[in-house]
Each structure stands twice: as structure tokens, then as C-alpha cells.
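One structure is given here, and the rest of the page talks about it.
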Amino acid sequence: MPKPAVSRFPVPAISKMPDDIRARILAVQEKSGFVPNVFLALAHRPDEFRAFFAYHDALMEKDGGLTKAEREMIVVATSSANQCHYCVVAHGAILRIRARNPLIADQVAINYRKADLTARQRAMLDFALKVATSSHEIADDDLAALRKHGFTEDEIWDIAAISAFFALSNRMANVTNMRPNDEFYMLGRTPKA
Amino acid sequence: MPKPAVSRFPVPAISKMPDDIRARILAVQEKSGFVPNVFLALAHRPDEFRAFFAYHDALMEKDGGLTKAEREMIVVATSSANQCHYCVVAHGAILRIRARNPLIADQVAINYRKADLTARQRAMLDFALKVATSSHEIADDDLAALRKHGFTEDEIWDIAAISAFFALSNRMANVTNMRPNDEFYMLGRTPKA
Amino acid sequence: MPKPAVSRFPVPAISKMPDDIRARILAVQEKSGFVPNVFLALAHRPDEFRAFFAYHDALMEKDGGLTKAEREMIVVATSSANQCHYCVVAHGAILRIRARNPLIADQVAINYRKADLTARQRAMLDFALKVATSSHEIADDDLAALRKHGFTEDEIWDIAAISAFFALSNRMANVTNMRPNDEFYMLGRTPKA
Amino acid sequence: MPKPAVSRFPVPAISKMPDDIRARILAVQEKSGFVPNVFLALAHRPDEFRAFFAYHDALMEKDGGLTKAEREMIVVATSSANQCHYCVVAHGAILRIRARNPLIADQVAINYRKADLTARQRAMLDFALKVATSSHEIADDDLAALRKHGFTEDEIWDIAAISAFFALSNRMANVTNMRPNDEFYMLGRTPKA
Amino acid sequence: MPKPAVSRFPVPAISKMPDDIRARILAVQEKSGFVPNVFLALAHRPDEFRAFFAYHDALMEKDGGLTKAEREMIVVATSSANQCHYCVVAHGAILRIRARNPLIADQVAINYRKADLTARQRAMLDFALKVATSSHEIADDDLAALRKHGFTEDEIWDIAAISAFFALSNRMANVTNMRPNDEFYMLGRTPKA
Amino acid sequence: MPKPAVSRFPVPAISKMPDDIRARILAVQEKSGFVPNVFLALAHRPDEFRAFFAYHDALMEKDGGLTKAEREMIVVATSSANQCHYCVVAHGAILRIRARNPLIADQVAINYRKADLTARQRAMLDFALKVATSSHEIADDDLAALRKHGFTEDEIWDIAAISAFFALSNRMANVTNMRPNDEFYMLGRTPKA
């Protein structure tokens, strides 16, 4: 069986990519051992690639506030609501690793209301899902509910912004038919992974 | 009555913004005669601001492919589906100007199926709306329908990417309670506007 | 380009209409400077025309209770939920005029939760929308919420009846493909309009 | 147990009603043996009462076109979609009588797709339901589908207008908590009823 | 007109059925005067037939807890939400008989919120409907609401299990196009029925 | 941290269960190395337990027709639509084992339209999902679409019945808050698992 396509749209050869994009991809490959397909699929459009990852890093890599595991919970929960194959599989792997919990990603993806979460994390995901599915109904009460759980204004923005950014990401992955690398499925499922 | 707030979150003074952001805002003010509130609201987070407008410009300002009016139609139609006050008002104004048509923005916002559009534009919006509301169901048939109307692969990506980018934008505007400037409501409604 | 049709169904010449209908239409034309297309489209069925406008006037023109601007807010908000091109454009114009507010109609149409309304008006529209979209779930609590804002029993009936009447009106406009007159788009947008 | 209320709003005594309304009610009582509660509940607002029944009669009592049983099918199917207790019970009774079929009303109310209908009647109800639930999506194809089954333009208007009128009626019945008379439940269930 | 089919799938002759199934069917016929079509339609698959009725009897025939009328209310309300022709008609008849109330089945089927129920029964149906339509959102609060009305843990399980069992039953009836016997429509509508 | 509960309802000790139920559970434990929690949670009600597993086995264990992997695909896809934590995790494991494919369960759970399936399997799941979510709209065309892919009448019944049975199962798991055993998450993810 031929290897399934990474994207419904053209995927450039790494050797033909602009230098900055190639450099980023090689760095990821060095660190992870493989090139996540999102880099290949989005490299079709260099300017959008750069903006996408700049946005991604501003939300997912910055210090302080939400833990990195919590940020990934938001990604997995909202990507599941959008039925995004790529994001649930790839960020599910990252969530397992960051939370050091091999069960949490599947739990959050299937029904976060039943996942092993704190009440604070549950409130965080309730809000993230509302941003994902009915942001026009967000009102002061929704923010007040988060403050009761100790979230700061900055963290509230972060929750919203991560949910909003993956609203974009999920749609691009769904339209391009972006395929997650097989490697992601097993990452973080065993103590050492 | 006090002037309503631009955002539910803090808005920095223009004088306190990083140089590149202040420069961009002053350039927009110079050109438009006022500072659209999206610039003020998003300046709360400089890194996200930069990525947001880099993404925006890559999709909305590039040459060739969809006309600029068509890109704005996508913004207005999908932002209306998301009930985004800011984007429908602000991009409705831009659509009127770019299409040189004072009626088109309201038509597209209320029910694009009844708007004065070509069959090709109608197909474009059918696809954009599917990306906005049920991207997990996008299939080969959806792309084939666009090709029948003469859309290229690059244009299909553009339609999807604009719809996806405003999925992000609408959610941020809804969560921040971003308020459109009063100036937008009248722009493009009269021949000279 | 030929002038777009007023309706998908036959439209009688004014000269061929029954006397009472012609008289009403000429009076409206005298007052407004043009004949709103709803009169032409519905004149296809004289008996229904008479009942429609008798009902309309009983709800929209009677003295006391809700202000005329508030009644138009109900029309615009519920017609937007039904994506009725004709009613949002035509009653948006009337709302701007009656409220002496050039921004209010677009705000109410896009997302009334973000419009510049009093808490009382917001509660009025919450109820009107529930009547429009899920009247089978209306319960005593919904009426109690209105009474807290000072609405009388008569006003509560009015809110419901206006929402219900435009449930009819929106459906007829959508099925007949009723086209709003171009004149409506600009009415009430400038101080003198 | 006290007799349940006819309406959540005040119901005038027949003796206190305006002459024309009292006359109509007494005529109905003479013919049916009881006063259907819709007359009592709506008499609270004489002008709306007159417009309501004028509209009703224009659609439901006129000669030619759809049979009277078919008109009642439209009422029952759309009122069931709106979960309108009064209209399903009262018009279900009328449908049984007009169709001389004791089973048809329950079938149409529960799932008209499984009812003992002709293909033509099924197409009629598909259209009526679309008018009731998503009229903004009505397009030329919907009308073409009806023409294939032999419906005239006048009949198509009638289907739409009946569905639209009961969109109003169902909402008023739901908001007023209008209670159907016990007599309706058994009407038309036996050969002589 | 030929008699409409009982099922879209083959229906075995009673004489060809396994002994235990034939015995059960003859016993029902003896008691009811006719063979409800569900027995004929499901006899196509003897093993599933046996499990189905064992499950049914465990929930609907056991002593104690919910009254038999209350159990039928759950069936009628949830089957109506699933638009199951067979179950609403057949269990509507049983409900009328068990509640000795000729009106209750139609009320519960059309809109249980308007039916002549106690507050306790209303809470029971609110929960049953949530199980039927969005069981993934069931939370501790839902069970607490039932306890406030005096429901025991065992009764709460029963409500859920009946709703869940008819989720299965409704789907089988809808897929097989199972037709209710004409006899059901009139059962329990008159004092002696 | 204490071990999370298996069910929201009481769970009997294995030693106190009726003999036939204990025997079945011990046999499963012998074969799998652990007792899947569904057996413990449902043992609270022995009669329902027996009917449940008799039904389950009649559909999932019988010879011929759909492959066992295909039956599990139906379970995983429909259980995901119902957001059933237990069934997606437990049957996901069984699907991986029966299909000898470590990726297939996550793919089918997240968005079966993107999974590595044959066109025939895709049609099977389209039908199963329609049974799960809108069985009242199942029509002859749906069955015809399956026959085109070579499905027999018996297999069509099987698809429907499996989807219907897990409509029940998902609701019971959601209401009881049934927790999947940790063991399931890793089963079938590696060649030997």
C-alpha cells in the first residue's frame, strides 16, 4: 500500500523551502526524531507558515500562566469538538507527555466532562469549548466563573486565544486533509515515551 | 454617556506600544482617518498582534487570485455566521468600498443566498461557510464543485484560509467584546465614501 | 442589468389592485416617497394582504406600552435569526429612524447581545428570540424574568405577538424571495434621513 | 381538581366581548357543540383576533387548490415540529374528520415520513417543514420539486402561507399556554365522530 | 389497497417461529386480542428477540418503584423525541390504559412540558429526555434534582434504563419501518377501552 | 489518590453475584487478564445484565456477515458521536486487536471520514451514524446505498442493530459514569498487545 498523502494540496520538498522554514523544520526533526506533517503541509504557503507558527509559539511556548499541559488540554478538547484528526492525534501526544499521564488525552478528547481533571481545569475547558462553539454568547458571567477558580485576566485571554487559534488550525487541517504522523499515536503512552 | 469600551481587556496607550506596532497603527490612521479598534484591542499582546496582522496581510493583501472584494465577502459571510459584531461592521465597510456597491455588505451578512452575487461567488461562499461551520465534513466533492466554477487550487486554499483565519478573528473579537468604530457604519454607503 | 424581481411570484400592477389595497399603497408612497416591496409582493393575494396589514398595524402602530423603537428591535433581532433579507433591511431602516440612532439596527441584527441596549431591552430581546426559536420551552420563569424588568402583562403579550407575527412575515419574505427596496439601506443613517 | 386554565393571559367573558367576536364564537359553538379555546384565548386582543381569523379563513377555507385535508396535514406536521400542544390536538381532530381517516393525524404528527401519504403529499410536507424550520434556505430547486408533483404556483404559495401562518399561531399558543379542549382528542376517531 | 407491510425486513410466519417465541406471541394475542407488530418484526432474529423482550420485561414489568404509567410516560416522551411512529402509537395506548387517562399520551407525545403532570413527573421526564438526547452531559446535578423530588437511586436507574432501552427500540423501529397495528390508535381513549 | 469509582451506582462484590453472572465474569477475567468494568457496573441489576450481554453476544459474536473488526468500527464511531468514554476506550482496544491495526480506533473515533477505510466501510459507518443520530429520517435510499456496496439485507440489519444496541449501551455508560479500565488504553497499540 502506498504511503497516504500528507495533504490534499502540494507539499514542497524540504530542500526547496525558504531557508528559515527549512531551518525550523530541521530543528524540529532533530528534537523529535521526525517531521510533524503540519510543517510540511503548511510550508506550501511560506508567509502563512511563518505567521501560523509565530502565533502558535506566542500562545503555546510562552512562560508563566497556564501550564503547558493545560494549554494542550484546551487544544485537544476543542479540536475534538471540531473533529480534527490531525490536532487530536498530534496534540494528544504532546498532552500525554506534558501531563506525564498516558490516559488523559483520550479522556479529554472523548468527553472532557468525564476526564480526570481538577474543578479548575474543568472550568477552563467549559470556557474553551464555549469559545470554540458559540463565542457570540460569551458574557461577563463566563469570565466571572473563571475568576472564581483563580484564573487571572491574562490566563483568561490565553484560554480564549488558544481556543481561537485552534479554530483556525483545525479548519486548515480539515480542509487540507492533513494526516498525523503515525509516530504520534504511541508517544507518551508508556512511562519513558 | 461615556464612550463605550473598545475591549473587555486592557488597551495600551499608543505612546506605550512597541515601535513597530505604533508605526503600523499610525500608518493606518494616516490612511483611514481613524484607528480601527482591532489594532488597539490586540495591541494588548504584541507578539500575537504581530502574528495576527502578518497572517491577515498574507491572506487579504496578496496579489492575484480572488479579488479583494471577494475576500471581503468571505469575511462578512462567515463573520455573520459567527455573529461577530466587530468583523461584520468593519469588513462590511471594506466590502462596500472594494466592491463599489453600497448594498452588498448587508445582503451578504443577512443571507448570502439572497445577495446579488454571481453563481461563482455563491459557490465560493457555500464553501467558505462549510469551512466555518462543519469543516470536518469537507470532502473531495466540495473542492470539485469549486473547480467547476473555475477556481484554481490556490484560490480554493485562499477561500479556506480566509474562512479559517476569521474563525480565529471572530472568536477573539467576541471574547474581548471588541467594539467597531462608529466610522465603519457609514463607510462606502454613498458614491464618494 | 435588469432590475431584480420584487418577488418570485406574480406582482400585480398597482392600477389593477382592489381599491382599498391601492389606496393604502398610494398613501404609503405619499408618505415614504416609494412603495416598499412588501406591499407589492403581498398584493398578489388581496385577502391575505388585508389580514397581514391589519395584524401588523394592531401590533406595531397601537399606542402605549413598548416604544415604537423597541417594537422594531424585536422585528430586527428575530428577523435576523430567521435570516430574512427583506425584514432586516426594511425594519432596520425603521428602527434607525424611530430610535434616532444610526448604529442600532446593525448592532441588533448582528448580535443583539453586543448592542447598545438597556438591561430591560436586552431581556425583551432574549424573550423575543426564545419565542422565535424555541417557543415550546417558554415557561413561567421566562415571564417572571420580564416582570422583574417592569414589563406588564400587556407588554409581554406584545413582545411575544410581534415575534410571532414576524415568524410568519419572515417565512413569507423568504419563500417569495422578497427584495427590499434599495432606498431602505440608507434611511436613518444620517441625522436628517 | 379545578379545570385547567385556557390561557396564561386573561380570558374575557363571552358576554363582554365585542359583538362581532361574540357572534363568531357563538356560531362556532352552534356548529361544533363547544367553543374551541383558541377563540377564547385570542379574544383578549380583539384587533389581533380579527386579523388572525381573517388570515386563517383566507388560507384554510378558500375554495380550490389543495384539499382541506391536505391543508390540515400541513398544520399538523408543522405544529408538531414546533411542539404546539393546542394546534396538534385541535387540527389533528379536524384532519381526521376532513380526511375521513382516524389514523392519519397521529401518523403525520409523529413522523410524517412514515404516514400513509401519496408521494405528492409527502413532497408537500417536505416543503412545508422546510418553510417552518429553515425558510432562509428555500431555493428555486424546492419549488421545482413541487412542480414535478403537479403543484401549481398558487398551491405552492398556499403551502408556504399555511406553514408561515401556523408559525405565528404555534408561537402564540405556546406562549399563552393555550389548552386544547378535551373534546378534540376523540373527534374523528370513530366512523361517526 | 393492500395491507401495509409490518416491516421493511422479512417477517416469519408464526407457525415457523421457534417454540418459545411462538408461545410468547400466542400469549400476547390471547391477552390483547391481536399480535402487536413489534413481535412479528423482531421475530426475524430469534436471539435478538429473546434478549429484547427479556430486557423490556426487566424494566417495564418489574414490581415496585415507578408506577407502570410513569414508565410508559418515559417511553412516550423519549420515543416522540426520536420520532418513532411505532413506539409513540403503541406505548401511547398502554399509557392511556395504565394511567386511566385518555388525554395523557397525546399530551406527553406533543410537548410533555404542557402535559397534566405532577412536578415530580415533569422532573422525571426532563431527566429521561436528557438521557435520550445528550447523555454525555449528565452530571451529578441532574441526579440531585431527581432526589429532591424523592426519587430513590433505584428509580433513577430505572428512568435512565427505560430511556436507554427505548433509544435502542426506537432506532430498530425506525430502521425496520415498523408499523403499529391499527388497533392501538383507539385503545384507552374511552372509559371501557 | 484513591482509585476512581467504576460507577456512580453501587457495584456488587463478585462473591455476592448470582452464579451465572459470576461465572461469566470469571471467564472474562481468565481470558483478558482483568474484569472490564462494564461487567461490574451492570451486575448491579442481574436481569438487565443478562439481557444486555445476551443481546451483545447475538450481535457481536455471531458468525458470518460483517467482520468482527467492522462491527467494532460501528461501535467506536457511534459511541464517539455519543461521547461515551467507556465504549470508545474499551471498544477502541478491541477494534485495534480485531483489525490488527494500532491506528484505526483513534481515526474512527475522531472523524471516521478521515480514517483509513474502504469505500464500503465508509458507507457502513455513514449508515450507522444516521441510525445513531437521526433514525427517523432513514429511508429506502439509505438501504439502497448500502446494497450498492454489496451489503446483504442481513448485514444491513446488523449495522442498524449494532448502532441501536450501543445507543442503549452508551446512555447507560454515560449515566452510570462507567469508567473504562486503565488496561484498555494500551491494548492493541503494539504488535504483540
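By letter and in written order, the chains are A, B, C, D, E and F; residue numbering begins at 1 in each of them.
As a convention for this text, contacts are C-beta pairs under 8 Å (C-beta built on N, C-alpha and C of every residue); 3 or more make two chains touch, one makes a residue touch a chain.
Remember, predicted model here, so these are calculated numbers, not experimental data.
Common neighbours of chain C and chain F under the contact rule above are A, B, D, E. Averaging Cα atoms per chain gives one point for each, and the point farthest from that of chain C is the centre of F. Chain C and chain D have Cα centroids lying 24 Å from one another.
Averaged C-alpha coordinates put the centre of chain C at 44 Å from the centre of chain E. Annotation for chain D: residues 83-84, 111, 136, 174 touch two or more other chains.
Remark: the chains found to touch one another pair up as A-B, A-C, A-E, A-F, B-C, B-D, B-F, C-D, C-E, D-E, D-F, E-F. Those residues of chain E that touch chain D in the shared complex are 4, 80, 83-85, 88-89, 92, 102-103, 106-107, 109-111, 114, 116, 174, 177, 179, 182, 185-186, 189-190. On the side of chain B, the complex with chain F involves touching residues 136-137, 139. Residue ranges on chain F touching chain B, taken from their complex, read 111, 113.
Residues 8-10, 44-45, 47-48, 50-52, 54-55, 58-59, 62, 82-84, 131-132, 135-136, 138, 143, 153, 157, 160-161, 163-165, 167-172, 174-176 of chain E are the ones touching chain F in the complex.
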